[in-house]
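Just below is one structure, and these are the notes that go with it.
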Amino acid sequence: MRTALVVLRKDLRVESRTLETVPAMILLALITFVIFHFGLDRDTIGGQLAAGVLTATLLFAAMLGINRLFVAEREQGGFDAFLMAPVDRTALLIAKAAALFIYLIVLEIVAVPAFGLLLLGPSLGHALPGIVLILILANVGLSVIGTLVSAIAVHTRARDLIGPVIGLPLLLPALIATARGLGPLLRAGHAASAPPGRWLAILALYDLVFALIAYGVFDFLLED
Amino acid sequence: MHSTTYGRGLRGLSIATAVTITVALVLVFFYAPLDASQGFVQKIFYVHVPLAIISLLGFIFGGLLAIGYLRTGDRSWDLRSYVAIHLGLIFGIAGLISGSIWAKASWGHWWVWNEPTLVSFLIVLLLFATYQPLRFSIEDPERQARYASVFAIVAGAFVPLNYLAVQLATAYVHPRVLTLSSANLPPSMGLTFAVSLLGFALLYVTMWKYEMAAKNARSQVRRLRRTLLGDEGIRPTGRSAAPS
Amino acid sequence: MDAKLPAIELRGVTRHFGERSALREVSARVPAGATLAVLGRNGAGKSTLLRILAALLRPHEGEVLVFGEPLPRRAFAVRAKLGLLAHDPLLYRELTGRENLEYHARLHGVPRGRVDEVLEAVAMERRADDPVRLLSRGMVQRVAIARAVLHAPRLLLLDEPRANLDPSAAELVEPLIGRASGCTRVLTSHDPGAALAEADLVLALKDGRAVFVGEPTAFGEAQVKELYA
């Protein structure tokens, strides 16, 4: 755990110096909102449609972050340094997933209000706690699967392709649950204030199962 | 690796498979009653559903075999896992196509979103279709085997979760016949289905053993040539997705 | 501790890459405190051997014992005693030298004070707070050396240790990574003459096979020529 914090601090420090990943994620989200506006030819959207647009946009932005997750390790030999340290190797999984989680939170802090301004018809107001809850659960799933898939992609030849190609199908159940969970919260008129329980349950189950599996298999990805 | 263990009993198994499938066909065409609403077209059900079920079981089987590789480091487990998944994909594509034909014939569309088994099946196939490209993109054979095994385990766990999510997300428009509860299925249909399922299961196992035997034999021949003729006696294998 | 325990024992170490062999049945014994020079052309297997000793690769056949512990099974027991200096400096370019060393210090559980110590030892205290990407290659190499010895390893694995170092810098780092360090050392070099001069033991690799294991005095010029032919 202590090791994970050490690695996480290092990653956050590098990111804050280079500002490569998070700004790009935010910009991509904002541009995607514009694309959706023109693609759907609507001034405002609400309900399930809005939930779908928001989920898809966050996903594409997340893909950017996932692709960049192990770049420093790969290009600057960071794997060897970590592998030679007398530490538990799953700490790398925890640290990277935590970093990705933090990037996603920062992304959402900008993107969700932007979404409310640019595209969303109904106001975000009272639905916000529910939205936050769903997004946090979604972020956990995105972070775990994203880290796993990014670690797999590092050692392959088609690096930037394999990540999304494997990650997107794997994320589908979480995305379905996220979009369906957000739908009622973004409805005009009788908007719900809490997301439907079943989608929260699916997200939680998804997060739990894949976190456990990732924890179990991650070591095998680092070995040689 | 012992190619003899895979080859043993293969003839008997093939015969059993052929017999079972023939019996199943007879039952489908002459014994099972016509479905009231869909008519003759419904008979695709006896092909589509077993293909889908066996395909999914094949993927889960592949995931379990992958656990075997990670625990023992013995590459023959990886080969077994590869063949299991590879055949699962073939059966799956056949299942998807037959499902599409069925949808077209009975509901008029080549694809229906309101059939959750079909949709979740498509997603699973999209995932497992990445298995071979993933393997192909890793050159070192041992790393290839390890990463493929990690993938097989993660993807295997994905199958039930995915099914659950899609089930809940899909609204039913048409009454579904794809449930196997006896409330929906008269016993004559049930028997036909069971025989058909058995036939496809046997087909899968036969093909699995056959492919394992063939691959083992080929690698044995390669090894013999190498021993007898030295490194020059064999053509170097290019990159491949299959375990060497 | 048994003073007679060899630092390294290799028994029939083989490592494949697909159907090729990177190393074939390499055996050697390196006493504690000795220096082993590994010679050979590019692709002969030197880096593979170094990485196996660093517990970054596992041998496919044969046995590797470092300080009596079999690798990779007992890798966790010896990791802290290994120091690797390879082609890659293993430093994050966006972080400063000091930050990089502090990161490594935390990973290895080494007290912070040690970072200042090694920075002084490689004469990088004044540039320690510049990002690594702004440092010259020689400076980067010095920080990399500092990183390698930060946790006081007992076995140094050195791949071209004096690359990019001018003579005064090379002299400077001598007590850290040279014979004076007192560590067991395995070093590879493109300059066989220099390597032979400071070696107690020589391992010559050709196509993954050990064609010579013995004292440097027994490895003459003709053999050097043949090795690199």
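Labels A, B and C are assigned to the chains in the order they are written; within every chain, residues are numbered from 1.
The definition used in the following text is that a contact is a pair of C-beta atoms (placed from the backbone, for glycine too) under 8 Å apart; a residue touches a chain by one contact, two chains touch by 3 or more.
Just so it is clear, the model here is predicted, and its values are computed rather than measured.
Each of B-C and A-C has its own count of C-beta contacts, and the greater count is at A-C.
Comparing the centres of all chains, each the average of its CA atoms, the largest separation from chain B belongs to C. Remark: the per-chain Cα centre closest to the mean position of all protein Cα atoms belongs to A.
Averaged C-alpha coordinates give centres for chain A and chain B that are 32 Å from one another.
The centroid of the Cα atoms in chain B and the matching centroid in chain C are 49 Å apart.
If each chain is reduced to the centroid of its CA atoms, chain A and chain C end up 40 Å from each other.
Counting partners per residue, chain B has 139 as the residues that reach two or more other chains.
Residue positions of chain A touching 2 or more other chains: 223-224. Those residues of chain C in touch with two or more other chains do not exist in this structure. Contact residues of chain A toward chain C in the complex are 3, 6, 10, 13-14, 17-18, 72, 76-78, 80-87, 223-224.
Within the complex, the chain B residues that touch chain C are 139-141, 226, 234, 236-237, 244. By the touch criterion given at the top, residues 17-19 of chain C touch chain B in their complex. Chain A meets chain B in the complex at residues 148, 152, 155-158, 162, 165-166, 169-170, 172-174, 176-177, 180, 198-199, 202, 205-206, 209-210, 213-214, 217, 220-221, 223-224. Here chain B touches chain A in the complex through residues 70, 123-124, 126-127, 130, 133-134, 137-139, 143, 146-147, 149-151, 153-155, 157-158, 161-162, 164-166, 168-169, going by the rule given at the top.
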